[in-house]
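The structure appears right after this line, and notes come after that.
In this document, chain identifiers A, B, C, D, E and F correspond to the written order of the chains, with residue numbering beginning at 1 in each.
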Amino acid sequence: MRPSGRALNEMRPVSIETGFTKHAEGSCLIKMGDTHVLCTATIDERVPPFIKGSGLGWVTAEYGMLPRATNTRMRREAASGKQGGRTVEIQRLIGRALRAGVDRVALGERQITVDCDVLQADGGTRCASITGGWVALRLAVNKLMKAGVVKMDPLVDPVSAISCGIYAGQPVLDLDYPEDSEAGVDGNFIMTGSGKLIEIQMSAEGSVFSREQMNELMDLAAKGTSELAEIQKAACA
Amino acid sequence: MRPSGRALNEMRPVSIETGFTKHAEGSCLIKMGDTHVLCTATIDERVPPFIKGSGLGWVTAEYGMLPRATNTRMRREAASGKQGGRTVEIQRLIGRALRAGVDRVALGERQITVDCDVLQADGGTRCASITGGWVALRLAVNKLMKAGVVKMDPLVDPVSAISCGIYAGQPVLDLDYPEDSEAGVDGNFIMTGSGKLIEIQMSAEGSVFSREQMNELMDLAAKGTSELAEIQKAACA
Amino acid sequence: MRPSGRALNEMRPVSIETGFTKHAEGSCLIKMGDTHVLCTATIDERVPPFIKGSGLGWVTAEYGMLPRATNTRMRREAASGKQGGRTVEIQRLIGRALRAGVDRVALGERQITVDCDVLQADGGTRCASITGGWVALRLAVNKLMKAGVVKMDPLVDPVSAISCGIYAGQPVLDLDYPEDSEAGVDGNFIMTGSGKLIEIQMSAEGSVFSREQMNELMDLAAKGTSELAEIQKAACA
Amino acid sequence: MRPSGRALNEMRPVSIETGFTKHAEGSCLIKMGDTHVLCTATIDERVPPFIKGSGLGWVTAEYGMLPRATNTRMRREAASGKQGGRTVEIQRLIGRALRAGVDRVALGERQITVDCDVLQADGGTRCASITGGWVALRLAVNKLMKAGVVKMDPLVDPVSAISCGIYAGQPVLDLDYPEDSEAGVDGNFIMTGSGKLIEIQMSAEGSVFSREQMNELMDLAAKGTSELAEIQKAACA
Amino acid sequence: MRPSGRALNEMRPVSIETGFTKHAEGSCLIKMGDTHVLCTATIDERVPPFIKGSGLGWVTAEYGMLPRATNTRMRREAASGKQGGRTVEIQRLIGRALRAGVDRVALGERQITVDCDVLQADGGTRCASITGGWVALRLAVNKLMKAGVVKMDPLVDPVSAISCGIYAGQPVLDLDYPEDSEAGVDGNFIMTGSGKLIEIQMSAEGSVFSREQMNELMDLAAKGTSELAEIQKAACA
Amino acid sequence: MRPSGRALNEMRPVSIETGFTKHAEGSCLIKMGDTHVLCTATIDERVPPFIKGSGLGWVTAEYGMLPRATNTRMRREAASGKQGGRTVEIQRLIGRALRAGVDRVALGERQITVDCDVLQADGGTRCASITGGWVALRLAVNKLMKAGVVKMDPLVDPVSAISCGIYAGQPVLDLDYPEDSEAGVDGNFIMTGSGKLIEIQMSAEGSVFSREQMNELMDLAAKGTSELAEIQKAACA
């Protein structure tokens, strides 16, 4: 019934290739089906003014899409002179999500910037960015720990994200672009490896949904993020 | 236990003064406690390019805050040369929320722009904007129906929004600024008068929450929006 | 003969509601007929670089109009990415006008920012902004004096402003929008309560005027600002 | 008593060299003492949208200053990404001033853009721009009349501008930079060759002035603009 | 003698992986040593205004660098609100280079946009962009020819580019980053497969060079681009 | 054969008027035929951050064109909100060219900014800017040496620039606008008075050229810049 032939609760094949670029302190290319995102983590000993002297660390994120990552070419944001509303929303979301899984005391007063750049898009780019971004962050933190500048692991529980929605009347897991563009109701769930909730964004563009449907979607999200946490751990091993 | 002395499931006093400005096709000043938002609705017979010729209507929203609506003065966005990420996120949310309650066929090919400008802020400005914005929209649509250009009512069910969060370990309804700035977990629920869900945005900044807590917050939100729907109806009567 | 039925030398009804918002150190909503402007004054102990260490105070102003303050909706300046030429001109005028009535030595090295936001426009918004802005400034300075940080009153003489112009061949006081949009010759006069001149901006868009007409307009302006000074004093009492 | 040794009512030497650049339909280099402004007029058969089909002409102006026209180098506005408030104010003033002297019916539905670029500044650049800008406009209109596309002269009366102010307690004509930077009260008067007023901008930065002083300044302005009108006529002959 | 141990006239290993992304009409990932650039070509039947109706085609290019493509993270251009001078220069160069190899009559009135995005940088990104960009262009044109909309091949001779410079007193081919950052004299040569010159940009930052040195560099460039042309042909076969 | 009747290897008449503006530390108006550029040099004891404390000097350049310097009016860059790609390219080129002729140790830790503003354009504005810019720089440095703050002359060899191209199949020197707009192949050569090369930019827009043609163009450039060096020396004497 799904265009891809997947079962209702079946994610796309996921692969995570770490060390995709050589300069970043942590990097990976995550593929969720045909959605490919290059994630890099940059360690900076300088911190933003609002935490200077606090002893606390900070994690922030930026998101971008190459102009021809999509089916039709989108205008380059650098050329149009500003990041669009969608971009700003997504990168704020990625930053909040990753910070929720970080012990900022343990990280110490430094900043890690996670860049998520979509090379190819087929739905679910913000979820792939969070899941891959956590891996890049993990690798960068490993470097800090190996170097002895961070003593206690600030990443206790992996953070991943998955989209769920109602497609053709049925709750489905991990929507691809053909599903996403038709689903009236869909959203993103960000959870920890141990099943705690970090962020929920459910939206019914031009539609509505019931409490029962919401519960079904939360069940799917729990299944998906639990699988993603295993894949993240394997990639970082 | 709450700084304001309110019960856990008690909203702040709400008032809606319609016709607050004379030029707009619909307008109101909504007060949720010390949060005051001026909402106006403007009818435009021209529509954005992407719906031209479709016969469908469009509702969009813009959001702003006066520089001294807050405790310390914020820089004027017009002066800094762009709308901040928070502003863009909020106005996209208001637009989506209001559109979810509109029958776009019944509205016909025209656009209504809802401007929500915060005169005074004390937490929950985006929720007040949606609740008050719907009233401005309702009044503008009434004008179209009275003039006979819209025959069937495109607004079948009121749309309102309320924040919920976990404050001092307890789920509470309608956070004011002192609560909002301390709550690790909070979010906004947008619902229809008949109890359907339109959008959920739950976020745990630097924290996590459980499925049980999520359920309690959804109960509070249902109570709050049901009360708001009554107040909206009374204001438009 | 005037659309409003007013006498040639008759101002619109003026009201000033002080304390309209709770956060600002001084605030008022001034209404000159259907022109409504919210004025707030913010005290900042930091000063701009060019007066640092001088011991002198500074007063500056910003001006904005809500998108639907006018008969047809204007594009939000924050959205278009810059303040228009008209806005910049007006806020520079308000700042200069208010500074002319301030003893900057007595104020001491601090800055007061006066924000004037037009909620509803019907002509004369810059004059209402100056007149109301002075009231907000007065209230903020009162707070500084009450707290003992300012010893000598830096506001010796109230500052107010009124428009005058030639409408249907006759010199008239305080043009409303229908008059303003037809008057070939009009301008703004900023004066002190004791009748001194601070600024004159007379302009004949596509027209010219004589020295005699200029004298008649100055007589009207003197009458108007003298009445406004009384209203300002009453509001601050 | 004046730094330059001039009499109180004495202008600086004025010269106008027409045809300074070869591409523009009208051009001149105006020198008022050490203030040098290059003025060009460009005829465009396309008009702005708001007069399309009206049969009326339009005159607009732009103003700029080369970075090292002044004593210390100013940042290039093209590099800082926007025209400053002062620039915007001045070019709007030049445009209004020139339009006041144009019979827009006689000009016919076309636009003339007058560019005023300050090569060297020593006070009074906006007045020199208006006076020189009118000459460039005159030359461009001459071309239109010679070509027979404009039949009736749309420029009936020359437009010129001069600054006046109170320097060391005395009313003086045509302030140069050393005077301008010390005068508490000064302004610009735009008048026609036949002595009619077009625009007055009197400002007392941090000061005030009396009705009597205003009258003396108006006398000086009438003398100055009458002399300028003769110089303009001679330059265009 | 070279940091990489290469001979003076030896290029880095080059690989071109075509079809790297699925949406673009032509795409490849070109690797010149550790410099990796993703090139995509987008066909658009709409053309820029200046060639509308001419029957001629157009090829344009855009260039970008991911923030962490470099050794230290660079600010994202979309976030800083404009493309830097270096980016603008490079993308104009790529566009001119590719157009020089296109028969615009044969291409017909359509536009092809080549996006070159640097995933990892180690010197020579603009040369890799041109060489890889031509491959993406070639693949997109192949599609047009296969579909029969283009009858005669508009790409008669491959276009490639290579850097040459004087490093440690010796002329060297294809500078990597360690060489590039020390070479006082270096430049880029764009040539056709048949050895014709398209563009030369030789620059001596803070230095000078002789006619003899220029001749040696041109010899190296001819060798390098002739090798690149073979690699391009093999990749497209 | 050339539109101007010049011989193939003949430059336009060149004149350099020094001291054209009074404020700048060095200034000249250079005329190469109908191309007129005002060049000013500004000395600043503050240096950019990247050389602070190095003891080295810096020379930078900015370039602009008055809107009606050209045959049809171009939009003012300050009004369009950014410098175009062509402007950025040119001013970077001017800066690099001038720096190549400066002994930065001898100059000492200070910055000189050279502004090149085109008053009238007829082809070759960037070359005239470099040639005239060097004269302004020379005059400013003379001032520093006269004042004793610079002991050793940092300008050992004059820097000038000339365009060459292939027009109607023939290599020609110093293209004017009619030639420039038809030449498929043209470029700019920057050389020292003693015949060393600083920068070469040869470009074949939509065309190609041979190694032999390149050699002929380099011969022309050597002749032209050698003549310009003599004119520069005479102007500064």
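Here is the rule we go by: contacts are C-beta pairs under 8 Å (C-beta built on N, C-alpha and C of every residue); 3 or more make two chains touch, one makes a residue touch a chain.
All figures in this text were calculated on a predicted structure; none of them were measured in a lab.
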If a chain touches subunit A and subunit F alike, it appears here: E
Shared interface partners, meaning chains that touch subunit A and subunit D: none
Greatest separation from subunit E - chain, by CA centre: C
Interface numbering overlap (same over half, different under half) for subunit D and subunit F: same
Between subunit B and subunit E, centroid-to-centroid distance (C-alpha), Å: 51
Inter-chain centre distance, subunit E versus subunit F - centres from mean C-alpha coordinates, in Å: 28
For subunit B paired with subunit C, centre-to-centre distance based on mean C-alpha positions, whole Å: 33
Where subunit F touches two or more other chains, by residue: 81-82
Arrangement of touching chains [line / ring / star / complete / other]: ring
Cyclic ordering of chains (reference subunit C, direction subunit D): C, D, F, E, A, B
Residues of subunit C that touch subunit B when the two form their complex: 21-24, 27, 34, 36, 38, 40, 42, 44, 62, 64, 66-71, 73, 76-79, 81-83, 87, 113, 115, 117, 119-120
Residue ranges of subunit F in contact with subunit E within the complex: 82, 85, 88-89, 92, 96, 99-100, 104, 187, 192, 196-211, 214, 218
